Structures are given as structure tokens and as C-alpha cells.
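Going by the order they are written in, the chains are A, B, C, D, E and F; count residues from 1 in each one.
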Amino acid sequence: MVYIQRRERFSSAHQLFNPNWSIEKNDEVFGKCANKNFHGHNFNLIVTVKGSINPDTGFVMNLVDLKRLMKIYVTDKLDHRNLNTDVDFMLGKMASTEVLAVEIWKILEPKISEHHAFLHCVRLEETENNFVEYYGE
Amino acid sequence: MVYIQRRERFSSAHQLFNPNWSIEKNDEVFGKCANKNFHGHNFNLIVTVKGSINPDTGFVMNLVDLKRLMKIYVTDKLDHRNLNTDVDFMLGKMASTEVLAVEIWKILEPKISEHHAFLHCVRLEETENNFVEYYGE
Amino acid sequence: MVYIQRRERFSSAHQLFNPNWSIEKNDEVFGKCANKNFHGHNFNLIVTVKGSINPDTGFVMNLVDLKRLMKIYVTDKLDHRNLNTDVDFMLGKMASTEVLAVEIWKILEPKISEHHAFLHCVRLEETENNFVEYYGE
Amino acid sequence: MVYIQRRERFSSAHQLFNPNWSIEKNDEVFGKCANKNFHGHNFNLIVTVKGSINPDTGFVMNLVDLKRLMKIYVTDKLDHRNLNTDVDFMLGKMASTEVLAVEIWKILEPKISEHHAFLHCVRLEETENNFVEYYGE
Amino acid sequence: MVYIQRRERFSSAHQLFNPNWSIEKNDEVFGKCANKNFHGHNFNLIVTVKGSINPDTGFVMNLVDLKRLMKIYVTDKLDHRNLNTDVDFMLGKMASTEVLAVEIWKILEPKISEHHAFLHCVRLEETENNFVEYYGE
Amino acid sequence: MVYIQRRERFSSAHQLFNPNWSIEKNDEVFGKCANKNFHGHNFNLIVTVKGSINPDTGFVMNLVDLKRLMKIYVTDKLDHRNLNTDVDFMLGKMASTEVLAVEIWKILEPKISEHHAFLHCVRLEETENNFVEYYGE
């Protein structure tokens, strides 16, 4: 079992806001992240796929395919978008990095399985100091 | 003459949009950067100050003072804000990184001069691939 | 179960030295790290916390709280200090990065548990080439 | 059990090519990586070793020893070499990063065991976006 | 006058070799860089363009145009290629990073001038430790 | 005229302290940097050399020579040392990064001139946020 990783990048706006709470409660919990006009980040998305090495290619999975899946199903929908208002799979959900990582897992896991490999980890880097990882369970 | 540099960071939303143009023209020129619901970035701001070394301190300028000026007058106004709607010194201006660098220069130049040193360069890093520098002329 | 990570930084002096050994033996084992007048590093501390996502916040744990715990109990005691002489929880111990990681775990593990989350990993980066991780067992 | 990591670097040429396939099939699967005159990368090799802390040194394993093993047995054979033609332990194998990680594991695992520690992971970073990890099973 | 910078990447094989010298002389001067089967690097190319800000766009030059020029005329010809054998504008020249920077300048300078801006600097990063800059004179 | 740059690293302890001042005055001006037991950093030293390209080598100056000069005359004297007490060329001087940059210039400038090239800049990076540059005048 070998693990391969691919990094892709996207730049998005978002806001942390719970609509069931008052503005005061949102400000208290989320601080400056609750700014009503949004803020934004350059996100790194690092996807780890595991599998055995195909002896004909030396690959666990062709990175060209992994790049394409990440781009079509994830980063094209997130890049230069607003995570609160523009992304179908985030509508009605908290736009936190934790929730985003779980939703990306749900999208990529079945797509990668079609390539005789297994999604192992979805990692998001929101700033140079804040990171989230999800392993599917 | 010695040059010192300080990096600070801020995370902001913005949109590239010329209100004198049609939406089609904006989309044509700015592409995905014109998204009406904004996108965002982690920006690095690197300020270069030049001056002679004070023999009592070994400093061109105390970095504690430079950090404070950058924070109070610039990054506190930009961090977790929307460059198009929330920042007094950007209102009515194109929210491009080039324009932002020039406006930051105008703010910091007189403040730094009060510390017997000279602003030399304002550098902004918008992504890991796109950078702007302004030297005041 | 989702994993969140926070990076904080500190700059410290230290020396690798076993007082039960001769100076020659210390020099033989620790080389230039045994320099009696100390050397130093910029350390990165990356703490990983695991837990389930709180549906009201989208968070495993509020990063504001994690930052505060890391700062009050760890980095405020290490930053711009000497690991051999200035840090209460390192006195009488080898000032290696391995030992420091274990001691940071002991301090942070009970504090993080109070926030309905679990410390998963303490990672220290001493240079761009040397790293240590501790998972509590 | 504590984990220590050491990064070393090497710069190599390589080509992805399966000699049992036609040139057309190689181009189809490997794309520009099949270029017959080779291309190249700056690789990062990160080796993780696990073990208990020696109370006399504060070390899992002296990094001087780990550096030496990585250099003598691995990076001296790879750096400024061609992975397809110049490296004894890669001859006749696909010069993919996955295969290289497995071969480095086979070389280092017995050498590290002689130091009362255990090889845990071989990580290779081929570019800033593509990474491979192998854990020995 | 504002300066904008764009980074692009390419991965190439090369060899330092002077055909007018003996192999011994080449080995003496170029060391391991003279390996006859080539080695390789991930190069960063950072191009700096200077000009005044267009008030309609807030841009010195549209980065979409700068990216396209860098890609079509430079990195598409270098990426996954051999600098000694595959690149038309390097044939018969020493494949050093210095020479490559000068040749890239010659190619990009007239192309950028067509966009009412001026090429200011071509920077190449060959490893994390070795860099070259050329300012056209 | 082409510019080449070489980065080397060193890890040192230091303290900012003016012996002509009271402890209180030192604490007021230098804050935590005045800690009497020292603190430390991983420094990056980036030296820029300018010159014309030698047509026989494609080099401004052989990086092997530049590395050797930087190592023998500078980093071997600084690495794993205390800048206040262990470094001959810093004795009696303020151990600030500004002063260190100027002293490194004085050492390297005549050595590089012997290689038919010119020292252009000494850059020191003290942390990921604080940098100093000196151009010799």
C-alpha cells in the first residue's frame, strides 16, 4: 500500500455565521470571521489516495486523473467563489473548513474508487497556521 | 544605508469590477475575479524601511514600532474585511493589488518618516504566484 | 472524527548537554549542539486536535481557544527564552526536541480535554530539515 | 514512542517509460513525462524514524547517524544522477516516485534497525504539488 | 511606476558541459553537474514587469496576458524537456541558469512591450538555495 | 551584468543588550530580545554577487567557490554559536541583524572580488517575518 498526494489551490470568500443565532452571538463566537461582507483565503487542498502500485505504470493512480477529478468536481466549484452563496454542495451548511473537508470527501470518495484506488485523507490549509484533515470516519 | 523588512498578513475578500463598464465587459476583462459575490486571498504585506544604523540600538528602526504602524494603520483595517466595501482608504477605487499597494504607501510613508527612517518599498503577495511592489515613484 | 491543526512559533536558545558526562563525551555525542554558550532556533509548534464537528459552529474546537491555550501554557514560556535555564517544565531535563515535544503534550492534553476535544499530536519543527512528532503513547 | 524526521534533498533526471509498450502507448499514458531526453526534479526525501527516547541523550536516534545513512545509502546515489540509467537499485524498474519510495524503504529499513529504532515512513516530494509516502506494508 | 510579478514553474533536465574541454576538465569545473546522463530541477521563473496603473483596470498589465506570454514562449518549451537537447533557443549554448535567464529576457522583452509595459527582471530559482536574476543590461 | 544568489543557513543564540544602559532601559527598548540567558534563531544568509557571464562556463562565478567562501569565512563562525560571545568579528558590537549584515559584507566583499565578481547584497532572514539587506553603502 502506497500513498500519493496531490495539492491543488483555490481562492474563496466566506463568512462564519449561524443564522439561528443573533448577530451579537455570532460576533461573540466567530469574532472577525463573522464579518457580514465576507473575508477570504487562499486554500490549499491536499488529497491523499492509497492503493497498490500498478506494475505497468509504477503508479498507484495516474496523477493526471487525480488532478482532473479534483478540478472538475471540487476546485472549479470553489475557486474565485463565495463558499456561503456560490457552491451547490455547501448551501445551507456552516462554511467552516471542517465542514468543507467533509463535503469534499463525500464528493471525491466514489470518484476515486472508480480508479482502483482509495481516498485516504482530505487536507485543507486555510492559512499558513490553520489546517484541517478528514479521514472519512 | 541598511534596509529592514517586516512581513504582516491579512485575509480579505475582494472583487475586480469597474462600475463604468457593463457586466459583460467586466467579465471579459477580469474573468473569474469579477464574481459578484466576491472571492478572497491570504495577502502578505512586506514593508521595506531604509535608514542608517542607530549605534545605541543596532537598529535602523525598532521593529516593534514598524509592526505597530503596519497593524494600526493598515492590516487592522484590511484583515477579515472586504476590500471593496469595508476599507475607508479603498472606497471608490479599483480593488486591485496594484492600487492597494499604492494606497498603503501613502498611509505608511509619513508615519515611518517620524521614526527617522524612510519607507522604501511596499510589497504585496496575493497568492504564491502573483506579487506587486511599489517604490513611491 | 475531524482533525484540526494550529501552528505557533517561538524562538529559543538551547544546548544539548548531559551533566553526568565529561565535556569530551558531550562533544563526541552532541557535536556543535553542545556549545557551552548555547545556540538557537526558530521552532514551529503544530498541535493537532481531534473531535467531532459541533453543528452549531462547524468547529471541532474554536481555534481562538486553541491559540490561547498554546500561547499561555506553552509558547509564552518558551519564546525568547533559554530552554536549559528559563523554562520551568524543562528544568533538569535534556533540552532535546524529543523531550520538549513530550513535555508539551503533558501540559496541553488535559487543557484540551476541557474543550470536548482530544489532543492527537504535538509536532515540533526545529529547522527546515529536522522534525519531531509525539502522539501520547 | 516518539517520531523523528529528517529531510534531505537531491536533484535528478528521469523519464517514465515502459519498454514493453509502444512509444504511442507510453505517450498516451505518461504524456510529457515520457520525453525521451528526460526531464528532472528537485526531490525532497523525508524519512520518519520511531523509537523510545534514550534518557542519556534525549534522542530517539542521533540525527547525525540518520543523516549519514540517508546520504551514503540513498542521496549520494541519486543526486545529480539519472534515475533511469545511473542508479543501481533502480535499474530495470519503473522510475516513478512510488517505486523509488519503496526501494528507498528496502535500503534504509535494515540500516536504521541497527540503531535501536524503526523506520516508519519514507516520503518523497517531487514537486510542490506531488508527494508519495510508503509505510512498509 | 508599479512592479508586478508572476511566478511560473517548469521541470527540466540539464547538464553543464563545455564541448571544447576534455571530460576531465569538465568534471573539474562542473563537478557532479557534468554527469553525462543529465540531472534535473524544478525551476521557478519569476518575471517582473513595470509600468503605470491603467485607471480602468487597476492593472499594470493583465496577469492573464503575462501568464499566457510566459507559458507560450517560455515554459511550454522548457517544461519536461532537456535544456541541452530539446530547446530551440538554448541549442549551442551553455545550459547554465545564468544563460537561460538572459535568453528568456530576449524572448519576453519585445512581447511585453506590446502590452504598454516593460520587462524589468527575469529571476530563475534552480533549487531552494541557488538563484539568478537578469535586468537586461 | 547578471546577479547570482546563494542561500546558506545557520542557527545561533543572541541577545540584544547595550552595556551602557541600565537593565530597565534595555528591557524597555529591546523587550524580550534582552533576555539575559539568550534566545535564538535559524538565520538564512542570502548573498548576491554580480558580474558578467564567463563564456567558457556560463557562470558569473562558480557557486562551489561562493559556497566555500560563505562557509569558511561566515557560517562556520556563526552556526551553533552565540553571536554575543563566540564570534570574533562581532565582539564588542551590538548583536543585531543589521550590524551582522554589515559585518558579513566587510568580510565577503574582498574575498568575492578575487573571483572577478562583485558583492551586491547581503540579506539576512531572522524569522519568517523579519529581514535585513545591506548593499555596501
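Keep in mind that, in the parts below, a residue touches a chain if its C-beta (ideal position, glycine included) is under 8 Å from a C-beta of that chain, and two chains touch if they have at least 3 such contacts.
What you see is a predicted model; the values in this text were computed from it and never measured.
Undergrad: What chains touch subunit B and also subunit F?
TA: Per touch definition, common to subunit B and subunit F: E.
Undergrad: Taking each chain's centre as the mean of its CA atoms, which one is farthest from the centre of subunit E?
TA: If we average the C-alpha coordinates per chain, C ends up farthest from subunit E.
Undergrad: Degrees of rotation, nearest 5, to put the Cα trace of subunit B on subunit D?
TA: Rotation angle, to the nearest 5: 180 degrees.
Undergrad: Report which interface contains more C-beta contacts, comparing C-F against C-D.
TA: Higher contact count goes to C-F.
Undergrad: Between subunit E and subunit F, tell me the centre distance in angstrom, where each centre is the average of that chain's C-alpha atoms.
TA: Centres of subunit E and subunit F (C-alpha means) sit 28 Å apart.
Undergrad: Could you give the separation in Å between the centres of subunit A and subunit E, each centre being the mean of its C-alpha atoms?
TA: Inter-chain centre distance comes to 34 Å.
Undergrad: Provide the list of subunit E residues touching at least two other chains, using ranges where the numbers run on.
TA: In subunit E, the residues touching two or more other chains are 128.
Undergrad: Can you tell me, using the touch rule above, whether these chains form a line, ring, star, complete graph or other shape?
TA: other
Undergrad: Along subunit E, where are the residues that touch subunit D in the complex?
TA: Residues 9, 11-14, 32-33, 35, 37-42, 79-82, 85-86, 127-128.
Undergrad: Okay, in this complex, where on subunit C does subunit D touch?
TA: Listed in rising order, the residues of subunit C that touch subunit D are 16, 18, 20-21, 29-31, 93-96, 98-99, 101-102, 128-135, 137.
Undergrad: So in the complex, the part of subunit F that touches subunit E is made up of which residues?
TA: Listed in rising order, the residues of subunit F that touch subunit E are 1-8, 48, 53, 55-60, 62-64.
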